[in-house]
Structure formats: structure tokens, C-alpha cells
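Below, chain A partners chain B and then partners chain C, in two separate complexes.
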Partner chain A sequence: MTSTLADTSTESEAGTVAPIPRWSAIRSRARRLIAFLLSSLIGLVIGGVIIGITGHNPVDAYRALVDGALFGPNFVNLVSTINRAIPIVGMGLAAAIAFRAGFFNLGGEGQLVLGGLASALAALYVPLPAPLLMPAAVLCGALAGGLYASFAAFLQFRLAVPLLISTLILNYPARDFATYLTNHHFRDIATGMNETHTVPDAARIPLLPGGTELHAGLFILLSILLGAAFLTKRTTLGYEMNMAGLNPRFARYGGISLQRLGYTAMFASGAVAGTVGAILVLAEFGRYIDGALTDPLYAWTGLMAALLAGSGPFGVAAAGLFFAALETGAFGMEQTTNVPQELAQVLQAIIILLIVSRTGLRAGEDRTG
Partner chain B sequence: MPPELELHSIVKRFGHVLANDGISMTVDQGEIRALVGENGAGKSTLMSVLYGELRPDAGEIYLRGERQIFRSPVDAIHAGLGMVHQSFMLFPSLSVFENVIYGVEPTSRGLIDRRRATGEVRDIAERYGLRVNPSAKVAHLPVGVRQRVEILKALYRGADILILDEPTGVLTPQEGEGLFETLRALRAQGKTILFITHKLHEVMRLCDNATVLRDGRVTATVRVAATTPEELSRFMTGRDVLLHVEKPAVEPGRLMLGVEQLTVLDEAHRHLVADVSLEVRAGEIVGIAGVAGNGQTELIEALVGLRPVGAGRVMLQGRDVTHGSVADHRRAGLAYVPEDRVHVGVALGASLAENLVMGFQSRPPISRRGLLRLDGIKEFARRLIHRYSIKVSRASAPASSLSGGNLQKVTLARELSHDAPCLIAEQPTRGLDIGAIEFVQQQLLDYRAKGNAILLVSAELSEIRALSDRILVMLEGKIVGEVPGAEATESRLGMMMTGAHEEVTPRAVTAEGVP
Partner chain C sequence: MSELHSIFNDTLLNSTVRSVAPILLAGLGGLLCARVGVFNVALEGLMLIGAFFAVVGSYYSGHAMVGVVTAIAAGALFATVLAVLAVSLGGNEVVIGIALNLLATGLTVFLMRTMFSVQGEFQDDRIKGFPALSLGPVGNIPILGPIVSGHTWIVYCSWLLVIATYVLLFRMPLGLRMRGVGELPQAAASLGVSVRKMQYTALILSGALCGLAGAQLSLSLRLFTENMSAGRGWIAVVAVMLGQANPFGVLGASALFGFADAVGFNLQGNLPSELTGAIPYVATLMALAIYQARRRATRSAGTPLEGS
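Entry: the complex of A and B
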């Protein structure tokens, strides 16, 4: 994370003492990858032992897992992995944007819910011509998530409520508020479920051509990913966020207003979470279904991806994709081998613990070196 | 008779860095030996090896002719070594004697024998002339007395050889003098002292012999009586160093920084800074001297917008910035070299370039319309690296790979590049090598010569005296005196810093803990 600004080819004309190998940046990235792969491998071995203890064949189980994540007829499983990765990576990026600037946003779930609900209601009740409806609904989702996250920032800066607490706690009212609205005011009574009416077709995020379940939400996510990368590497705002994240006292001393930056970062973070909610509603379900955004724990899996990858956008995307593959693979594993899919969560937890312990070790080494 | 201490060809390697490259030295009993060298010369490593904190890769340690192998400081303490660290290792909430006996408590029937403990501590204190009240609480003691407690701790454990690591850094001149008295008394009683320092005038005043290290090797061992500071600094740096900066006369110009009756309060509404008024004019360096913790830090934080002002006014070039943000202050023409360069002055995890452009990020050539210009950044960083001879291989290297002196150059380079008419510099040379100190001081004088105003806070009285046109003395949040730079002597400043010539009884020197 160190050399985001200057080109690595910059050589100083000043006397060079003990030249730091240009390698170091690459090496640390490679080390991180190796740590990740190694941890995954150890996790898989431990998981294999557990599978063996429960009386199944680990090799078969893992074959089923890989098949369930990546293959299937017409790569249908790969498609569902990608579709599952969209909310996970999206929520990971949402968390990472705030982390990057040194602010904690544990309220992704609430922002996701409000974003999804807002987009559904906008699609249902805002009279807009067809081509504008979908973008407007997505925008409403982003706005709702962003404003809700900003409220946590307001609590922090005005009332000194730590973000760690406020964002976490604000998840509950958001969820309950959404349940209340769908239950009492915007419910589609015909279905008997706690959900809104179906949004008009014009508001739906369309499927991509090719006959698969891949939808255009993928492009929204990719633009968020590229946007986040561009923000952190190429913009003044991104620079200020990086510096505040690395050392808030330095940023403040340099004249950066941490408060303004906090509002901006939290709004951006919440807006991404809200957009993810909108994608799920407008692409996957076509309506807001109570609980559908929260039950799969997208926000929390995304948060873990962000914690693991250390807030670099592409690392978050890779980690999120990995978790998505693990989860969809586990469905397939359960179907073909009877190994319970909860095992995937055990695997996930083991791998995370291993990675975290390894990075902890590395941080210690760095300090002495 | 074998020498008290002999180190033979000590080698200590960290990765591919040779911190100690075959160091040998011999110290006689009853000697005060200076160990001098620039930062990174290997002094601390050598002492850690001697004290059992590090195992040498090669080499031997002999005490009175006997080979020693220290697996931990416990072994070293057993063999009669004692260490006084730079930062004290004391429990502030415990009393003096409790700190002294900690870990080696005299007990009777499983309980600590307090009476015996206080008695023993008092005896040792008296025998070596260390005036301390054994029952005083450490938290209430001034720094100089706390240091005495550290020495007492070592003596209580039977130390014959005392290692003192940069012991005067935290002391007032008077306290420093007191320490020297103590050390001379210890020498008279046959104790051997290893005195680590980079302040050559201390070596000249106190020590019998000096061992000079450079790049992990001994470059000279000399009798102090037969050497000069100039010679020692040449051994340390390998070149001639100006020990006294030349300060050309500059006529003070218009008012740059005006402070009127500034008051800063803490949460409990106590005065941290009380009613401070001062002026700094163009072409002038105004120094603030004072014992650390007398409101200097809070004053400066308030002046730069990092801390709210309770009352009073701060004017920068005629603009009222009293309640402005840091950005407001900077826009009004203020640059600031902070005291804590590691935690405030840089972001260690960021690259050198990122550290250098802080404050410039919103304008060309660094950025345009919110977008960073990588070429502009590279060029900017390259220019500063060159101009301030920052030793680094590339602008994208992390700041954490830089030495302390180079980090200070980064902060200085950045702040001076703002071309702000007013600079506040806090402890600009603390912890730096002789060579780096010379560089920084010269930069400050050049900045002044360009017609800028500088407010300088430093714990080094020699630095304050060498650089300042006027010196203000701070005590308990107030300015208690002003002395023209030319007329300031260390003793006069020291008296004012401790309130000795005033009618006040300041906290810093109350005799609490001294019977």
C-alpha cells in the first residue's frame, strides 16, 4: 500500500545509501498472495480432516465443491458464483472505502437494506419515463445508503459517538424500518409474503445477452471497482483519504479537515452499499423482499473481504470472489455428497484466521527490520 | 590487574546490516567512559549486547578478566551491570523505595519488609549522595529525581558498572549538573560508568576517556584531556563539521506573527497557557526556552490551529486566525515543523513522495481539478530529495525506510517549500546527528535571511542560543522573561526556566521527594 503515487522508476540524484531494492513492493505483494494461498491450502487440509471425520470422502467433497463453484452445464455454477460475488465484492468495496480513510463502517447491512428499499420504492412510485427509471432507482438507492452512513458520521462528529458503535447499532433500526414499511404500507398482498410489488420492467437491471443469468449489475459493480481504484490512486480526494487512513494526525497537521473527509468517505461508503442493495432488488428479485438482502450475510462477508485484503480495491474484489466461490461451491457439495454446506463457513473462518495470523506475524517482522 | 570491562571483537548483525563490526574496548575501574557516535553508529546495539538484551554473533565479554556469557539482562545484572535507560522504567504510582526494590524485595515471612527496604534504600542513597526521599511517590518527582531513582535501582542490585543511555536529554541544565555531580561521586567510590551521548560538550566536561564509534567500528579511543570537540566530531563523522553556525545580522522587518494574551485551557478548565503575548517579525528568530511540559506544546498547537484557543488573539500577517482551522493558518502563511516528527510530521506507511506533497495536493503541479498529476508529483519529490539531500533510493520508497535524520529532512523540506513567511519549528534537531543538526540549523538561518519569521521551540539551550535573536522563557504556561539572544547564558536561562529568580515557587523544582 505504500507506493501509490510515485512511479517506481524514480531515482534520486542524491547520494544513494543502501539502495532499497525496487523489488520490495512486488515482493511484499507476492508474499501477501503466497500467505493467502498457503492459508487457503492449510484451511482446506483442516476442512478435509473434518469431512473425513464426519464419514465422507474429502477428495469427492472438494471435487464437488470446485464443480459447484466453477463448472456445471454451461458454466451455470460459475454464473451463480459471479452473481453472488457482486453483492459481496460490492459490500467489501463499501467497507474498504471507509477503512481506507481511517473510518469504520460496520453499518453496511443497514445501508444495503435502505438502498434496496429506496430503489424499489422509487421504481414503483416515481413517475419517470422508461429509460430514466432504472438509473434513477439505482441513484435513489445510493443516496439512501449514503445519507444513512452520513448520519453515523454526524453522530461521530457532533455527539462523539464512535463510528464503530453508531454504524453497528444503526443496522437494527434500518432493518426493522424496512420490515415495517414492507409489512404495513407497501406490501404486495397477493403473494402472501412480506415483500413489495414487482417493479416495472423498465426499472429492472437487464440480463446480459447470451442466455445466462448474468446481469448488467456486473457492469455497475465493475465501474464501482474501477472508480474506487481511480479514486485512491489518481485523485486529490483519494490522496487525502489515504493519508488520513495511514496517519490521521499527519493529515490534520497538513491542513486536511478530517470531519469533511469523514462525511465524504462515509457517504461514499454508504452510497456503494446502497447501490449494491439496488442491484440486488432491480436485477435479482425485481422487488424488495424482506430479509432477502440480510439473510445471506453479504454485508458481513464483504466486510471480511475488506479486512483481509487491506482496503486495496482489487484485493477486496479477489477476496470477495473467493468467498463467493466458496459459498456457491458449498451448495453444490451438499447436493452431490451430502456434506453440509455449513462446512464452507467453517472453511472460511479457518482460512481467515490463518491469514490474519500470518499477516500479524509479518507486521512483527517488518517492525524489527 | 585485569581491566574492569573488556569487550573483544563484538560482532552483531541484523539481516545484512553490520551494526557492530568487530568492536573492542577496555574500560578500567573507576573511570567515566564516553561512548559517542552518530545515530546508527552502533552505540545502542553494543550496549544491548553488553547488557544481555542481544546475543552477539561473535566476540567476547570479560569482567575483571572473567569471560561472561549473558543470556538475558538478569545475567548481566548478576554480574554487576546496571542500565539507566533513556526512557525511565518506573511505576509512577508507586513510591521510590517500592520502585527500587521491585523484583528483589527483602521479605520477612513472605511479606515485604517495608522498614528494612526503606532503610536499605536510604543507606544506599546516602552513601552515594543521591538525595531522594524513599517514601515519595514517583509520579510527584521531577524528571531529574526520577533519574536518580533509576540509578538507585541499579546500585541496589549491586551494580559496579553503570550504563547511562543519553541521560541528559530530558534534564534541565541544573539537573544535568546535578547528574554530573552524582556520577563523579560514584566514580570516587570506585564505580565504573559508561556514558552514551552525542553531546560533545558533556564528554569534555564529565568523561575521562572517550570511545568513538562510526558505522559499527571504533574509530578512536582518546583521553578527553588530550582532545577537542572538533577532533571528536571528526572521528564521529569522518569529516570537518561546523560546531558553531554563523548567524549574520538581519534587521527585523514587519510583524509576521502576533499573539495577544493567548490562553489555552484543558478539559478541566485549568490554564495550560496563560496570557501569553509575543511577536515575531520578518528576519527574526524568536526562541522559546523552557523545561518540557510548561505549556510550549500547547502554545504551539494553539498557534497552528490544532488546539482550540480559550482567549486572546493570533494574528498572521495581520489576519486574525485565532479560531481558524489548520488550513486557515496555512493559507495565512504559516508553515510548521512539529515536535513529533514520527507521529505527526509524516505518515510512515506512505511513500516519500506522498509525504512531501502534503499541503500541496490541491494545486498545480501536484494536481489539477482534483486529479493528481503523477509527473508533477515525481518531479516535485525529486527536486526536494535533491535539494535537501534526502538519502533514499527512490521517491516511492516508504517513509518508514528512512532514518530519523532523513525523516526530519522530509518534514523540513516540505514545510520550507511552502515559502510561508512564518515558520514554527519545534525541536527541529532533536535526536539528530551532528551533521544533520548542522544542516537543519543552516536551513533555518537561510530561511530567516530571506526575510521570514521563525518561532523556534527547543529543549537544547545551545541551539536556542545559537539561533535566536530573542529568547522567551516559558514556565507553567506563562512567559516569564525575555533575553536578547546575544546576552543569554545557559545558567541565566536555566534559572529563569526553573523560576529561580522569580518570586514564584514553581512545580518543576519543588523539593518534593528531596528530604
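Entry: the complex of A and C
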């Protein structure tokens, strides 16, 4: 095991709740919540200063942001926020699963894209009866994402290529490959865009009743969330991941195969990312559209949510929801006040930098020794 | 055969030289950080910041040189943030680096939209770039001449900086102190060397170098596009590993990636551009895998970042 890998493990300590007395767990959570609120507050103040410098009124801008995130006629903006939170929280959970076991998965974007494309192609070209088609397409997406992430694990464990680097760099060929496949082999030439044909209705993830834009992808996400929580709190595998994340040497001493654990964690992480791709394709777009999964930076916002919340699933969900609200709110803010929506991304990064400098996300002794 | 000839010609090597410069400059920055024991994964973001502020400086002043100075200053300032958070406040340098990369992406787009009211790409006649320098008689040397001649001064400067970095690290007291901090901080500290000061120095220098790398990217094209660093900062991180944190090693690794980049570009007539675009990234991973396999075969200890 290289020490690069050992170094990466130290991040997980702040968010994880190891088997320690309960009162201390609660206290550390409370500390984290306070740090989060304080960082967000300072971040918003800095954001206000930026808005002011660029010649806009911060109060108006923030009012438009809150309105754009939560209200609107029939709470349509709140629905948008929830729909945007689905991929962000999903990508956050994908990052957090690897994170918890002490591995960096910066390849969410590539896994998301390949998962989305695989689900679209499965929905279009695999002859299956209607009730099986949608679940099969989602499964194909999960498999594609999981296998691609496993390839990075293979590079780490067989060839000692650090996961931090391989996962990041693998994003680029994945994106290029998906563009190539869509453009040269599966393109719907009836449209002017680089996209596949629309998938059959049977493969679509349906809208929820109630006349809103909420779709059943929400339930897939919730089951991933509960599954991740169950895994980390109630299973041996989750305990082993936790231990490996906190102290890989101790975990290995205790008889845990870090390699097996690494493959499992990376496959699971990539599979969640692939599933998110499938949800976007089968619920939102109805086809694979080149760039539509990457342009909104879901993978990166999700990663930021995981960095913000540590690796506890519910914390990631809360952070992801918060970031989704910031983004949809910023969209509304741009429309009413002309402050560019990219302010949301700036705010997210500032909040993370503040929280990293305030809380216990510290490197261990290995930096000096 | 004639196809091969159209791919491997002296234009290829000429564009290799051009592609190498940004990776090399960022790699030299990453190398300095590795030497003081800081793993800098923010090279990508620093380069992007440099590319943007080079255009800002050049656009408002009408002088390319002002653009370069602005880029270097912006890169150094951004790296100072990294230094404060990672060195002084003890935050995890990888997490901070990733967050800074994301901040750079968001901030450059935000600023581009507020300052220039454009989206995606900013191109304007008022952005001044650098002319390609002809090296006089050197340009007339057969084979070598057309390859090394006709680049911006930043490209030639990057070669000199390889030597300068070597001299700094291995021939100057400052470099000795920096290496001491990276190898055995307690020992360096007990001899009165400030670990913090050395790490700040290396990080700020790396920011300046990445700023210059970014200036080469944007001013050679006289435009800025969203995310125009496109993973080059990460390739530079790999170049530091492959080059074992040695300036000439980093030069060799950067040359390899620049060559892959140029081959991909030249193959565009023969293969779909989506496939050729992936070549540098695949080459990077393959080179790293081969390097690690050979390193393991010789059973050397330690991480690549700990240097030679």
C-alpha cells in the first residue's frame, strides 16, 4: 500500500462515527453542524461582497435567490430544487461511499456519463418486455458506472496508479468516448443535436402523481440513501470500510483485505454514479443528450457535498439539498437581477474552504513525518 | 506510409514544443511543492486562474506583458490561499486543492460573465498576445530549426526555468533548506529552518509558475474559454511523479505528454476528433502505470512524491 493511499484516508475521520460513546458522537455532530452554519453564513457574506463589487444589490440578489430556490407559483421552484437535488445527492453519495473507505473517487463525471449512455442504449436496443425494461436499463447504467470505477481500482491495486489521479483523468476519455459513440453510431439524425433516439415509454421513469415535475427517480435515490446508511451502520462491510477509512494499517492488521474492500467500495461508488446517469436519462431527458449530464456539473457539486458533510449519508443528503437549493436559487437570481448563476458554484467552494479550515479535517502526523 | 508521413512531420514536433510549455511550467510548480512535502493538486485551478487573468490584464492594458504579470500575481495570490489554509491552519491539502480547483472553475466563469458579458468564450481584438519569435540563424538549422523556432518567449522561458529550478534546488542554500523541509522537517526545524516559510515559498512560487502556464494557454490563442486548462494541471501532477520531482525528469515527462497531445491533434484528419482528443489522457495513465510497474520491479521504497 502506498502512503498516498494512507494519506487520503485521513479525510474520513471528521464525518464518520466510529464505535465511540454516543454523547461524544452527538457532540461532534453538533460541532460539525455549528461549523457548517457558521461557514455558510461567512460564505454568504463574502458572496454578498462579491455581488456588491460587481455592481448589484446583495439584498435584492439574495431575496431573488431564496425565492428562486423555494417558492414560485405552486412551489414550482421547490420542485426544481428537489429534482436538482436528486443527481447532486446521488453523486454526493457516490463520492462518500469511496471516501468512507479511504479512497478518493474524482471520476464521478465519467461514471455518470457512461451510466447514462449505457441505460439509454439498453432501453433502446435490448428487447425486453415492458415491466422489465426500465429496471434493466437502470441496472445497465449502474453496471457501466461500477465497472468503469472498478477499472480505476484495478489500476491502483495492480499497477499502483493512485486512485486520486486515475479517477480524475479517466473522466476525459469517458466523456470523449460517449460523445464518439453517440455521434458516430447511435445518433438521432432527425434532430440537430448530438443525442440518441428517445427511449420507449416503457423505459421511462414515470412522473409522480400530483401534477408536478417530481419523478419516481426520487424513490431510487431514497433507496440508495437508506441503503448507504444501512451499509455503513449495520453491516460488517460498512464497519470494515469505516475502519479502513480511519486507519488502513490497523484494518489490515485486523485481517481486512484492503484490496477486496477497495474494489467493492469503488464498484459501489461507480454504480451509484451510473444509476444517477440512468435516472437523468430515463426520467429527465428521455434520451442520452451529449453534454447534458456534464454541463450542470452534478458530479462536482455532489463531490463538494461529500467534502462538506464528511461521509455520513444523511449529512451528504442535507448538504446536497442545500447546494441544489443554492443552484436553482441562483438560476432565479440571474433571471431577476442579472447576477450570473455561477455565483452558486463560487459560494459552494468558499463554504467548503471555510469549513475545511475550521473543523477537524486535518491531515495527520504523516505530513511532518 | 504517406499517411504516417502526414502525422509525423516537423509540424508535429513544433506543436509538441508548444503543448509541452504549460504542462512543464505547472509541473515545475508542483515539483517545488513536492520538495517541501506539500502535495499540490490545485495546479489545474491555478493554471485556469492564470489563463483568465492573463486575458484580463492584456485586455485592459493593451499590453501582453501586463497580462503575464497579472496572471503570475493572480496565481501567486490564489496559491497563498492554499498556503494559509493548508500550512497555517493545517487543513487537508488534497481537499483544499480540490475545492480550489472548483472555485477556480466557478470564479472564472462568473467573472467572465460579469466583466465581459459573454458566455463560454471570450475573444476580443483588444486581447494582445505574443508574436512567435524566430530564433534568427537557429531557425535555419535543418530539422532542429523549424522545431525549436517560432514560439512565444514563454516557451523559451519555460526551458530556462527548468535550469533555474535545478539551480535553486541543488545549488542554492534556499533549495537545500526546501529539500530539508521536505525530507525531514523536524531535522530542518531543529537547524533553525522555518518549515512554514519554506512551504509558503514553494506554494507561492508554484502559483506564479501556474499563472505563467495559464498565460501561455490563453495569450497564445488570444482568448479565454471556460475550463480551458482541460486537465493539463492534473497531467502536470502526473509529470511530477514520473519525473521524480527532478526538474529534468519533469521536463522529460512533460515532453512525453506534449507529444501525445500533438499526435492526437495531428491525427484529427484520420480519426474522429473525439477519439484523438482522448489520446493525451490515455497516454498519461499508461505512462504512469508503466512507471509504477518498473518502480515496483526495482523494489524502491517510498512514494513517488517523496522524490528521488
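Here is the rule we go by: the second predicted complex is superposed on the first by the 336 of 369 C-alpha atoms of A that agree within 3 Å, B and C clash if a C-alpha of one lies under 4 Å from a C-alpha of the other, contacts with A are read in each partner's own complex, and residues count from 1 in each chain.
Keep in mind that, in the parts below, contacts are C-beta pairs under 8 Å (C-beta built on N, C-alpha and C of every residue); 3 or more make two chains touch, one makes a residue touch a chain.
Remember, it's a predicted structure, so these values are computed and weren't measured experimentally.
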item	value
Chain B versus chain C as contact partner of A:Met304, first or second or both or neither	second
Which of chain B and chain C A:Phe250 touches, first, second, both or neither	first
Partner chain in contact with A:Arg234 - chain B first, chain C second, else both or neither	first
Contacts of A:Ala190 with chain B and chain C, given as first, second, both or neither	neither
First (chain B), second (chain C), both or neither touched by A:Leu164	second
Partner chain(s) touched by A:Asn242 [first = chain B, second = chain C, both, neither]	first
Overlap of chain C and chain B interfaces on chain A (superposed complexes)	2-4, 7-8, 10-11, 368-369
For the chain A and chain C complex, residues of the former touching the latter	2-4, 7-8, 10-11, 50, 54, 104, 106, 155, 159-161, 164-166, 168-173, 176-177, 179-180, 183-184, 297, 300, 303-304, 307, 339-340, 342-346, 348-350, 352-353, 356-357, 361-363, 367-369
Chain A-touching residues of chain B, taken from the complex the two chains share	14-15, 17, 304, 306, 325-327, 329-330, 336, 338, 343-354, 357-359, 361-362, 366-367, 370-372, 374, 377-378, 381-382, 385-386, 389-398, 401
For the chain A and chain B complex, residues of the former touching the latter	1-20, 22, 25, 233-240, 242-243, 246-247, 249-257, 368-369
Interfacial residue positions of chain C with respect to chain A in the complex	37, 39, 41, 81, 84-85, 89-96, 98-100, 102-103, 105-107, 109-110, 113-114, 185-186, 195, 230-231, 234-235, 237-238, 241, 272, 274-275, 277-278, 281-282, 284-285, 288-289, 292-293, 295-296, 302-303, 305
